[in-house]
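One chain, chain A, links the two complexes that follow: it is found with chain B in the first and with chain C in the second.
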Partner chain A sequence: MNTTPIEIGRLLRSSLTGFVAGCRVDQPSLPVFGTLVRVPIEDQLEAFGLVYDIHMDDDGLVRQLATSHSLPPEVIADNRNNRNMPVEISIITVGRRKTGILSHLLPGHPPVSLDVLYRCTSQEVRDFTTTGRLGYFRHILRAEELPVGELLAAHLEQARAAHRESGDPAWFKNATRELITLLRDDYPTLMSVLNALSDLGPE
Partner chain B sequence: MPINYHQVQQQIPDFCKRASNQRQEALMAAGLLRDTLEKEGPQPGKLASLVESESATNKSLRCAKPFQESPACVHGLPEITRGITLIAADGSQINPSRHRQVEFSLINVATISLQTDSDSPSTINTESTIMDNFDLTAGTSFLTENIIALERDIRERKALLEQASGSNTPLLTLTDGPLELFRETNDAHLIGKMLGEYITILNGFLEKRVITAGYVDKPQSDLVARLLKLSIKNNNTRNLQEYDRMETIRVADINIFNPVLQNPGDRTSVFAIHSPWSKHFKDALELCFFYINVSQTDKPYLARVELPAWCASSPSLLDTLQAVVFQQCVIMGSRPYPYILHRAHELALITFEETTQLDSMLAQKMLDSGSSQEMISNKQSAKDLPGRGRYI
Partner chain C sequence: MNASIRDKNKPIGYIIGGSLKESLRARLIVPPQEVREGSFVVIRTSDWQFYGLITDLQLGATDPRFADEPSGERLQSAISDLLQGQTLFTTLEVLPTLMLERGPDPGSPEYAQWREKRGAISSKTIPVKTIPSHYAEVLPANEGDVAEIFGSETSSGYFRIGNTREQGHPVCIDLVKLIQRSSGIFGATGTGKSFLTRIILSGLIKEKLASLLIFDMHNEYGLDDTATDTQESVPGLKGKFPAAVRIVGLGRGASVRGQAPDFNLEFAQSDIQPQDIELLTHELNLKDTTPATLDALVSSFGIENWYSKFKAMKPGSVIQGEDGKRMPAPDSVETWALENNVNSLAATSLHNKMTRLFHLPYIVEQPAANGLNEIIKALQNGQHIVLSFGDHENDLDYLLVTNLLTRRIREKWVEMTNAHRSHIERTAEPRQLVVVLEEAHKLLNHEMARQTTFSTIAREMRKYGVTLLVIDQRPSQIYSEVMSQLGSRICGWLGDDDDIHAVLSGLAGRDALRGMLARLQPKEEVILLGWGIPMPLVIQSRRYDNQFWGELLGKTHGKVNETQIMKELGFQS
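Take a look at the complex of A and B:
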């Protein structure tokens, strides 16, 4: 698990409930699905979010190259490194840090274009996921257009590892129990989430 | 109002019929010229001296001239040379327009450098220069579209030479379009000056032994056809009527070579360009060209590659150029065109939005520095009004 903040990319567009950042294809720090990230908005305000989509657009040239029988390595490197096509990372906002205090409320205003996106450190993941009573799950469960089950499974897997690192294996069990409670009246979503979680297996 | 589709529709059948007839005639003439090429090709000296004798009486003669071998030769695709540094340049420009807020022009030249067979990223460089008419007292000409285009051509080649200086050999540099520098302008002094500069740059490539070439896509030139017509004209066995008919039909060289260059990567022999303008490019810098089939299928697709004589005289450099051009075209799949040239074009292209942005930046800065506010012309303002649903 990481211990220092890693810059991932910069914001392209945003709203209160989510934002999209752009980063280079060749970037070694490319986040994965479910990663907890943060964006400093102003001096004492940060937005926290979960990566729910990583999107790469094509263009006419890429389409044409894709049909080519063989692509030399220099052409692949040129396209990945020097063509103006950022990888778009979509993030759902799940909380904020205001004057140093973490909460699962939305930030008062969204981050703006070209703000820097950071991957949260293991400590930040632990701090965020133990603040309050896992209230940030409501943001995810409300977002019907997202692959909720998969996103929760991916996030919980990463958070479980962060908590295990600090000797807290019970966190995962508590988080699962909380999800069951939240979804007790929504059987289809509960089944989808539990199915995804069952695929995680033991750490 | 849209175009009058009713009128156009009535004209289309006649247009297509005439186009088809013309094509048929051109293909027939191409066949005759191909026969002549096969017959006369093995005597390149005879064809070359024909060009020389004709140019004595016809000062504006423009045609191909055999270069060191039979014009009928076909060269298959050589082995691909590995580990080459490829550099391409392309330019685009904003032409001056009095209808903008500020009358200015700009030349944007981009270069891209790729190391073949390597996964290291390409190196790119862009140079943008604002041009103006402010120093006319120095006796310089007004900036016209042709002068800007000429300046852009020179800057492209110069940028290539500069980039080539920092790269490792073996090196190959490429631009889109002919190597021959030619634009219509009325200023002979300026043209002479620019030509001198261009020749100095070409000499720079020669000194560094850096291959430099121009790639012409879908070429329509008829230099070889003119050479062969000249041969027919001087051949006593042909009747003059046949020659007269041939003279009226314009046959593009690719129509002659299409059935000849059947295999992917095939090229013709090298020809020199004989023209009043090309005479400025002497000896090692004499302008030459060949046609190459860049298609990977059974249907040939020919492009013309122009190169200086010193490159054309070296079989190994010629092989490298042929192989690299073909390899670059292969990258683009079913629509062959050198990948690196397309990338240079992408980098150099100035969009309409950028032009508008630059115009506003200049106008704002001039206003800030105390100049009176510049306005776009009323004509342009009217053109910019939202239309009535017609896409322009």
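Take a look at the complex of A and C:
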């Protein structure tokens, strides 16, 4: 259960539909695939998104180290803590909070570089996923280049846990039903999503 | 009981498409096994209520792959259930039949306005002229809906003949409408026609709506009978309505099931007319020359005497002439033929073939009593006649007697009606009469219908207060023009396509009804059809048993089974 907002990193680049944040490798708060995050854009506006990729680029030093014969642990630790290239976390925008009101519309303009990225609390996850009728699924389903099935499975698993905490076990069933409705006419996608959800297993 | 019915009366689906010409389509929201073909449903929109019949159920899938590839093995069962619930479905086909304006919610302010605009006219169903909108709820008809359409037993003239199949709501027919035009009861052998006829006849007698003339070819209706399959005793009408029902035997001294009838019927030879003989062309295998010979007989002897004179002639009888030659005797058929320019061979052949008639014991020179008049008098007085054929159970008797009798009755009724209408005398209108015919195709087939009185009755006697109730196994054999006159049709299972076609001829929604007819239970299930019925409906026939009589006559009739009584008192044997 996470109850306090945790700062993850700062924004590197952004667009209306998604953004990328950089963070340190050693950060204990490194988010996982499918995590719901938010970025305050301005005073009364925040963007919400889901982590769909965590990416680490190499630099010259890493390449050298990777081929050396023996690597003392302190060298490894030093390289990780002080590397030039941050870990890149890619996020798909799925909604916003404007003047305190959550919705699954996109924010009017994207966050800008070095804005701070937070991981949402369980309460925020519950609030966001029960606003409206799961409309944010449309952003995910439209992003064909993403591993949609895996992303949904990861997100639903985390959200399911959050709702379970507050005693709402039906949320997962409703979300699954909504996905089936949305994907009824797209057999391959629906089956891959449902296969992924089935792999979650019962709680 | 009401609570459980109301519980059951949850929506079973909602409208998703269709048209007035074809049928409406509804998405089913309960398992398909909970509804059946032929069920009576109500479709609710805000202002109108539509009534219809389920005519088909179809399984569907949003994508055929969802149906083709069972997901149960690949997916978690809860997810698989959800998937099936969303992608696999059942579509109902509903044949809309009637609609009723409900108006706004009685509690709302618009309701008063609506009532005022509509005047005091009470709610009335009309045939469908439009369709419900998308997503209109489909519900199984409840007891009130059935009563709204088919009437309720408590109103006079409405008589319960069965129950809806699924929920057992009572279904009534409007007896007045039933007898206002001719009607038919059809079904293959053993489907329960005779039993249902007994029920309907009892209703008509009880309600005193008409006099009945029952041609009881198989001696089923008058006296108690034994069911051929269960060997149980089946009460006849006489036993239940001793004063109102008169049993008539055919011929002097005739007995019916070993009992003496109320009176006997004999015909005078002078009653027989050439047309009665022509009617038997097929039965007696008569030749084309018959009408000419009959004409000549009538012109020789007159319409009253031709039969007895002809009967008295001796075909082939000869005498010795003065010259010693043998010549036809004066009383021979040949002599008459010669003198009247009739082909002698034709005349003798006709005489030969008519021998069967000449031997009939119920055609006599002088009837002992005027049975015919008694029948007419009884019918006029509101009594009912069951004409039992007794031992005379073959087609010849049936054709001849029904026709002779009905012709006379028809003449009488026409005469009385005309007298009443023209106010010549202060005569009363003749009593409504229903002629009940078993094995009707024998008299109403394509060949015969033009010659018998029955097709005339079916066509035009409504105006004179005479209608038919025909009972038959083979409706396709009945002349189509007669068939088209049948206002109400009650039909049990039929196996033959032609028969099904005949029963449905001239009705709307034939295609949808055909399947329902073919899939009726083989017994005690009938479909109600036609002008006299508000809308087609499959019902379970009322049972003809002690309980029926108890309900009809208001007390327990017949012997009550002793163990039954003990059981009811709480003693289990």
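Note that the second predicted complex is superposed on the first by the 203 of 203 C-alpha atoms of A that agree within 3 Å, B and C clash if a C-alpha of one lies under 4 Å from a C-alpha of the other, contacts with A are read in each partner's own complex, and residues count from 1 in each chain.
In this section, contacts are C-beta pairs under 8 Å (C-beta built on N, C-alpha and C of every residue); 3 or more make two chains touch, one makes a residue touch a chain.
Every value quoted in this text rests on a predicted model; they were computed, and no experiment measured them.
In this superposed model built on chain A, chain B and chain C occupy separate space and fit side by side. Contact with chain C, but none with chain B, is seen for A:G201 once the two complexes are overlaid on the shared chain.
In the superposed model, A:Q64 lies in contact with chain B only, and not with chain C. In the superposed pair of complexes, A:V75 makes contact with chain B only, with no contact to chain C. Looking at the superposed arrangement, the partner reaching more residues of chain A, out of chain B and chain C, is B. With both structures placed on the common chain, the touch criterion links A:V32 to neither chain B nor chain C.
Rounded to the nearest 10, the superposed model shows the Cα centres of chain B and chain C diverging by 160 degrees about the centre of chain A. Within the superposed three-chain model, A:V112 lies out of touch with both chain B and chain C [touch as defined at top].
Figure legend note: chain B and chain C, brought together by superposition on chain A, show a least Cα distance of 45 Å. No residue of chain A contacts both chain B in one complex and chain C in the other.
Of all the residues in chain B, the ones that touch chain A in their complex are 112, 114-122, 124, 296, 327, 330-335, 339, 342-343, 346.
Note for the complex: chain C touches chain A at residues 62-63, 65-66, 71, 74-76, 78-79, 82-83, 85-87. Across the interface of their complex, chain C is touched by residues 173, 176-177, 180-181, 184-185, 187, 190-191, 194-195, 197-198, 201-202 of chain A. If you check the complex, the residues on chain A that touch chain B are 26, 61, 64-65, 67-78, 80-83.
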